[in-house]
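Have a look at the structure below before the remarks.
Chain naming follows the written order as A, B, C and D, and within any one chain the residues start at number 1.
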Amino acid sequence: MDRSRLEAFSDGVFAVAITLLALNLTLAGPGPDRLQHQLWEHRWSFGAYGLSFLIIGIIWVNHHVLIKSIARVDRTLLFLNLALLLFVVLIPFSTATVAQYLPVHGGDVKVAMVLYSAVFLGMSLGFGLIFEWTLHGDHRIEPLPPQAHWPARLRFVGGALVYVVAIVVSLFSADAAFALIALTAVYYIVERTPTSPAAPDSPDGSPLVG
Amino acid sequence: MDRSRLEAFSDGVFAVAITLLALNLTLAGPGPDRLQHQLWEHRWSFGAYGLSFLIIGIIWVNHHVLIKSIARVDRTLLFLNLALLLFVVLIPFSTATVAQYLPVHGGDVKVAMVLYSAVFLGMSLGFGLIFEWTLHGDHRIEPLPPQAHWPARLRFVGGALVYVVAIVVSLFSADAAFALIALTAVYYIVERTPTSPAAPDSPDGSPLVG
Amino acid sequence: MDRSRLEAFSDGVFAVAITLLALNLTLAGPGPDRLQHQLWEHRWSFGAYGLSFLIIGIIWVNHHVLIKSIARVDRTLLFLNLALLLFVVLIPFSTATVAQYLPVHGGDVKVAMVLYSAVFLGMSLGFGLIFEWTLHGDHRIEPLPPQAHWPARLRFVGGALVYVVAIVVSLFSADAAFALIALTAVYYIVERTPTSPAAPDSPDGSPLVG
Amino acid sequence: MDRSRLEAFSDGVFAVAITLLALNLTLAGPGPDRLQHQLWEHRWSFGAYGLSFLIIGIIWVNHHVLIKSIARVDRTLLFLNLALLLFVVLIPFSTATVAQYLPVHGGDVKVAMVLYSAVFLGMSLGFGLIFEWTLHGDHRIEPLPPQAHWPARLRFVGGALVYVVAIVVSLFSADAAFALIALTAVYYIVERTPTSPAAPDSPDGSPLVG
């Protein structure tokens, strides 16, 4: 069992991606536009920054819990983890794009929101693949009982489904899709399942968000 | 007890944020403006770089000490830590903004300094929330005696208060607010409490700066 | 034996390099060009991003396996590792350059593809030097039998040879060189050697790609 | 004894700084200037990239060795380490600046080279302060005998002196100062002291470069 480098590399990627998010906030600086006005004009950037920060934070917490449940690391897991990180690394890009188009609100903002939702969907599917991998073989320290497989999978499908719905909603209203993703993120943060024996640390490694 | 990934992820974010600070120093390069002159014009950028570096460094040292005192990591702590990091990641942005406006010194520099102080205040409050969390339940390896709770909290309030005062002072003089934050940072670095049994490592996890 | 900081530093460099790749994807934003069109125009950037991500990921997996096999760390290994990282850090630069020239497809795209392949060749040779170092002295935890040295080296030569061929092919067709590198990367990911006792984790530290 | 977070944070900063170096290599891309020509024009950037990479790499190796020799971490060490990192983080900035002015070779290149050398001098002094700290109290796992203090310090003074000389030489010839720093870096990499009992890992923590 050697999870340390998998964790160290993933934590590095999560940390750099979450910090690069704020690079997009750079203002034009002194000029005809007052600073207050520039900050107000950037309110969408701040909102997109905050939302993407929360989602990367949630997926990091889930990754933390899931990897802790794993008995051994093999090459398949390393590459599934890379598939997850491929989308995590795209989040600063998709966040910057949606923040560019939200203030304009022309037809392109819908395309930008589809892109934004699709990157989260890819991340969600990557995470789901890792979870699926943990269900097979002797990959978990404490195997989940078979009857717990489908409920756990359904939580994943639920999480991924939010992003599929967000993609569809984007075609009608970018703002509504943004609100949907934001509400889901807040839900996963405040969600408590105190009656479950798995709480508060969710040691069964079940996802907190897809 | 599994603090290692919390520490690894936080260290990654601190390390990237502290290194991105220096990205703002980029000069215009060869042109009509002599390099000496460009460096002199950027003196505010260097000052803001140095101050933000110190404050991130101090908060990292405090984070190091506080997390060492924690007995176990739960989801609440992970999300409180994310709240702290949300503001840490904004520091390169607020530093770049204040460095843009300090040389101009128009009315906007006051807004920029309010932003700069407010990001530190958010960081301070995020750190205070983590500390408050450690006071409850069985979260600390060695629980603080109840009579030590309020003195420790007062140190936090004192730290956060500096940033509240800096916000108010910013409305009158950006330079004075900058000097206030800088003096506080220097104070926390040179501060020694050799008579306290907690010295030199402050194992009670009490904050060195709010 | 103290491999932890070698791993931590290398993981940090791999993580930052792989995350910086996506910085090159930044779009022009709202303007006369529709977003769909901009994304389509950037298809080469996305392709180059994906390919470089895969190759850094593969080399990270190999690095992980190779370092695990090492008995002790000395200065020579630290500097050989730096030689590898010197080229890893150049990958975001060579990727950005090839992504700039692929859409234009003039004569310069061949030079860009030579550069792109040459950086991978340098990385491959750096990795090969570390592997060669492990074959000598008491550098491995479980020494490879001498008759296994040349087969292992041949796998390296094979990997490096792909990049030499890609450099030559670049002079005729940048697209063909890109396809060659991409096919090799995919091959190394899906490659399984289930009959080998070294599978699935390749504990002999033999390279998965040159 | 808790060196792990000091090492993790420092490794993070070293890794980000060394990777950001290559951000300065970005080319103008397709245009009237052929790619070969752009690469040739950037030869100074590549040289400065390579040299700064080597020096950060050497200081990382030395940091690795020095921290391994430390018995316990206190607040003084944490802040001395921050002083070292303050200058490490400036290296991408000073490297970008010298790379901007080296191709022009007007009077400003001398100022740029003074800046470049001065940042290395600051790093060297920061490292020297940490080493001095290890000589006092019970800071080392295996205390150096007093008669070994001055020889070790002299090696430091020697290293720092190279940068002082480089600053003076810069005022006459930027190229000569660049060559001096480069030769010193190469010397420290190839230097072997096989007769010393401290070789090959320099467990006495004496610096390999100031």
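What we mean here is this: contacts are C-beta pairs under 8 Å (C-beta built on N, C-alpha and C of every residue); 3 or more make two chains touch, one makes a residue touch a chain.
Keep in mind that this is a model prediction, so the values were computed, not measured.
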Interface numbering overlap (same over half, different under half) for chain C and chain D: different
Magnitude of the superposing rotation for chain A and chain C (Cα, nearest 5°): 90
Separation of mean Cα positions, chain D and chain B [Å, integer]: 27
Centre-to-centre distance between chain C and chain B (centres being mean Cα positions), rounded to whole Å: 38
Chain A, residues touching no fewer than two other chains: 8, 11-12, 15-16, 20
Chain A-facing residues of chain B, complex: 2, 4-5, 8-9, 11-13, 15-17, 20, 74-76, 78-79, 82, 85-86, 89-90, 92-93, 96-97, 100-101, 104, 106, 108, 111-112, 115
Contact set on chain A toward chain B in their complex: 7-8, 11-12, 14-16, 18-23, 25-27, 29-30, 34-36, 39, 50, 53-54, 57, 60-61, 64, 68, 189, 200-202, 208
